[in-house]
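Following this line, the structures themselves.
Here subunit A shows up in two complexes: once beside subunit B, once beside subunit C.
Moving on, here comes the complex of A and B:
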């Protein structure tokens, strides 16, 4: 966002729309729409109501946490521990449900998620551990605790609770839309307002583009870390609620590899890995791009091993484009990025 | 500014999607299934990477094909999320019957709730039922397998000429309730034959722990004449511990495992394990189809254990004499 404003003010044609800038926010959305338009031809049955509902419901947990992760990556940090947080939060929430019902389960999920986030923030700001390492460590710790709590077997929602409002959280449709998807849209809307319309959101982006410059402007490291990692924890708490009401069970192994799915969606959406730029619209589209692509591959009978390879390649292509765009930043960057793919003398590339 | 536009467009898209779901819902509702259409059975399988489940799928598919049914296969890929999503999708696609070997039995709840709402019978194949109201669950006759192991062990100990009437039993992890029946069945049978189970210890289903547990047994009860392990990794590990202690897992301490894993079959062929118990996943698959047909026709199912709606599938003993006939 900061770069956008600068270009607008210094360019001789203020509102000049370049393909590169359009691509930044719209690229993934355009690809998603293209893919959706192709689905009737390549995956018949995809557009059936129940299948669409299933895709929306499925995308909720990755999507909700991707909002928090967008903030983390925009601030220049990763949170690798979200998978562990999700497992632990889910287990604690299910335990609270068997003790105190729906309200207790919801409260436990939110509180546990927030606590996990604050632990991460504490490790980073008090013990001065880099976020990547701190959250890699806490990933194992959180999962480990979840395993400890489920040594006697996974925690579950018993079948006798089928009519409880908690179970409805995962299965209810409102106007044909699954409740977890509605929650996800609400989280995205809240995240968008936080990122674009509040001081702390702008500070997060500023901190991400240059922590030292941000410090000079009086932005506090500790507050940014607390905000970002607390927010990730909060989104994990919300996501855990949609997850356990979907599968009714959780243990230490729940959603193994979750962190990579979330990070992949955020990065694919166009949030810069080096921080300073975050796009929730891109993240939103990327979450669905991944799940629609997965769904299409499954319905085409593609083996799971190839599904992984395809998704990996999509991610690499997206990051290659992003990397080239950053290297040749500024107006007309797209053309230069593409011409830059052809090896030349280095002097020309930097001109 | 541009972001505002994007958001409104995204919302529009969402609404369009909502609109399209609603409209197609009515069309889907009107296309009611005709009464005498071909029966479609959905089979959600634990993980097709494992030979056990490949055989189970083959057994299910062949039995269904023999009845002229169509089979939709779904691979859970050892993931509870995939299990719930894929099995729910099978129900959405309008299968008449759902057969499932659940990766996480505790995640059967939402699947069976959905199946009940659509009047789709659910037959569980192996692993566990997770306390959900399935129509029937097919499991190997675990207690019967333990009994077979005891019969074989008694015969072999007598052939070895051992004087000792002491044997040992290694159990799986405590939460594996079906597996615990193997050791219980073994114990009941071996005791009626006049033996005493002097040690019953858990190796948590793991080879390393099975090895350690066997070492402990050997130091505390060096006179044991036989050992039964709840699974093959522990059985083979126990046999290795016996060999490392300078004894034979065939003639000194009769060692029997459970499951007929490839490593156990190899060990039996090379005289490193006395015997194992083979489950028959192909027959289990066929049995689920038979029970499914009964459930579809509202016929009573004959349960081996009625309170848990369990139907047992027979197991066989594999030793040096018949190991080559097992593929």
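Moving on, here comes the complex of A and C:
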């Protein structure tokens, strides 16, 4: 028997574009656009320039850290400590500013953020603590240190420094776009390249998809953890800079519940909780979906308690879709997920 | 002890008639007959895939037969779930134990049937502990009923399973490979326990690859092969060689034969390598252009051997050389950098990257080669070239490079993973069960590919539990048992009988090295 008789070459059919796969990347973006189209009707005044600038500026620190968190969740891990990291990094950066000015403040924020990430990676790889537990613990530790450093009052930017270039970080507009928003876009762009076009990004996805298979592809779990948690720390450092130059003060209680906002944005964006998939486009849209939704609620005079409830409900709906899509994975998963929700009636014999 | 004479005239406790079990695409059991008498130890033997486990699962209420009849004490027996089997007095002890590791021995034995004190919801611990001790006394062993099961050895956990079977007054106790993970002393203890069970008047169905145990224990033996009943006879009427012939007896003409390949230089050499408790004094060589097979029953250390060479498991002592240079990889990345390709035996758990496309599954081991430009960024075009290459060479049937690997058939998934193993461009390939769970067409293609690769000078170390494949594809075969190499078969010694004999009877066969072929 010759090889030719065994080989029967089948022509390649173009891959079918399934609704499910489109939804994974663009679903949240579509919802965001729909919401924006509705805003003139439900929240007049929303589309005014100053209001939009404020939304973009306020979204920046959640958005920047959401880039790092997208990597963490794509690798199959959470970083619950980002709130503590943000408080600690902000406090240290403000202390550095009063001692050494703008350059010192920026360096202090970046270094502190990276160090926090390395501590997390060390706990996970050296002491073999699961990421969820390790970062839950370090959340308290980081916040605790921030409280210690601010025992005699919050660290602040003195009013005399209002013309310092550092302060401009949070307030400057370039071509009408707030600088924090521009920084956030840059971080997203860098993140996209890291995730889609570098070996370490690909290895992160591979590791999140199957840690045991990744091991046999020569992927070192230590390196993945170091990269992912270091990157989260780095994004926290950058976010802290946009945060303190906006609010001018920080102490141990800064941005309480920050980690949940960030994780909510990433999950809402479509990054699968079980790892292996990450979509920065989705994360980007989700960050704005949350802040636009908040802004609309605020302009309608809805109390902040209800805003939390709405965010919670949105998150639960997003997670339900994610869970159903995982359960009904494969082509046609979307349709099956929806129809699977409806209990089937017992078929009646009709003949 | 192994005589069937005392069984004369007894009526069958359990009868299996014309039993057929079909799964999609496979007939796992084909009109099988089987029976067991009261107070009998009945051994069930056959190669992997012969249908032994399927038969056990029918008796245990896991699988439902497609056709055929099972009678227990003359009455129809159709268990719908494992609990039905237990209620009927049939206790099946699978290789994977059904124990709760965090509960105590007594809690496990009486799990779901705990006696409660009157008027309260408390379990009567004193009673279950006492009754558990009594059951162990029947077996002639002592295990603390209050110890947690997770703290016990495998052998003790097995005894807990047997004790559970006794506690429901199991008339028929079925054991699937009970000694696979036991040491020699523990095996002796288990054999004593089985004999005590028989003395109690209970029947035991004993599945084992180890023929020495079968001959030490069984009254009768049934041989299955490819889902068919081959023979049932008194143990006194057969011998180990006869059983091996019955287990193997296959049309040897139908299997793959590879081209004769001239021997090249030594690529890999292991000398007295020890690793943990799984590998003992392993010495072997693999030359360029040859396929070296590793055979043996499951759990003898074959996958561990390939993982040690790949750097996924540490070496305690001994030396390894690769192309004549010392070689001691500490991580699979080290081995891959030296050009070694690896295929894991478990495609689902340690092969597929399920969320990644075929293209990305192929290039994950060679990301350095698909980068471009100053930034050394990944180049999708180069990755697609890699996909196109393997797509054609391995005849992968897919809708395109972006299809997820999980959407392919098993055979095509395996081809993608083979492509990943080949991608480092290696001169040495470590292939574990290269055709497991693959259909016949893909199997032939994979064998053809191995043939082409070695003709190009690659060295292949192949672990296979598929005997025709092991013998048909390999030029030389090492047989492992208990973490040691117990056979080295070359030339005319490469027979199924020799492999099975080495793997199951403790016999050692080392062919005289042929200086030149």
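Keep in mind that, in the parts below, the second predicted complex is superposed on the first by the 330 of 351 C-alpha atoms of A that agree within 3 Å, B and C clash if a C-alpha of one lies under 4 Å from a C-alpha of the other, contacts with A are read in each partner's own complex, and residues count from 1 in each chain.
Please note the rule applied: a residue touches a chain if its C-beta (ideal position, glycine included) is under 8 Å from a C-beta of that chain, and two chains touch if they have at least 3 such contacts.
Just so we're clear, the structure is a prediction, and the values are computed from it rather than from any experiment.
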item	value
Superposition on subunit A - do subunit B and subunit C clash or fit	fit
First, second, both or neither for A:208, with subunit B first and subunit C second	second
Touched partner set for A:219, first subunit B, second subunit C, both or neither	second
Partner chain(s) touched by A:198 [first = subunit B, second = subunit C, both, neither]	second
Which of subunit B and subunit C A:272 touches, first, second, both or neither	second
Subunit B versus subunit C as contact partner of A:308, first or second or both or neither	neither
Which superposed partner A:246 touches (first subunit B, second subunit C, both, neither)	first
Touched partner set for A:300, first subunit B, second subunit C, both or neither	neither
Smallest separation of CA atoms, subunit C relative to subunit B, angstrom	9
Set of subunit A residues, in rising order, touched by both subunit B and subunit C	196
Subunit B-touching residues of subunit A, taken from the complex the two chains share	25-26, 29, 33, 45, 47-54, 58, 152-154, 156-159, 162, 170-171, 175-177, 185, 189, 192, 196, 243, 246-249, 254-256, 281, 284-285, 304
Subunit B to subunit A touching residues, read off their complex	2-3, 6-7, 10, 13-14, 17-18, 20-22, 24-25, 28, 75, 77, 79-81, 83-85, 88-89, 92-93, 104, 106-107, 109-110, 112-113, 130-133, 174-175
Footprint of subunit C on subunit A - complex, ascending	3, 6-7, 9-10, 12-16, 193, 196-199, 202-203, 205-206, 208-210, 212-220, 272, 275-277, 329-331
Partner subunit A, residues of subunit C touching it in the complex	310, 312, 331-333, 335-337, 342, 344, 349-356, 360, 364-365, 367-368, 371, 375, 377-378, 395, 397-400, 402-403, 406-407, 420, 441, 444-445, 448
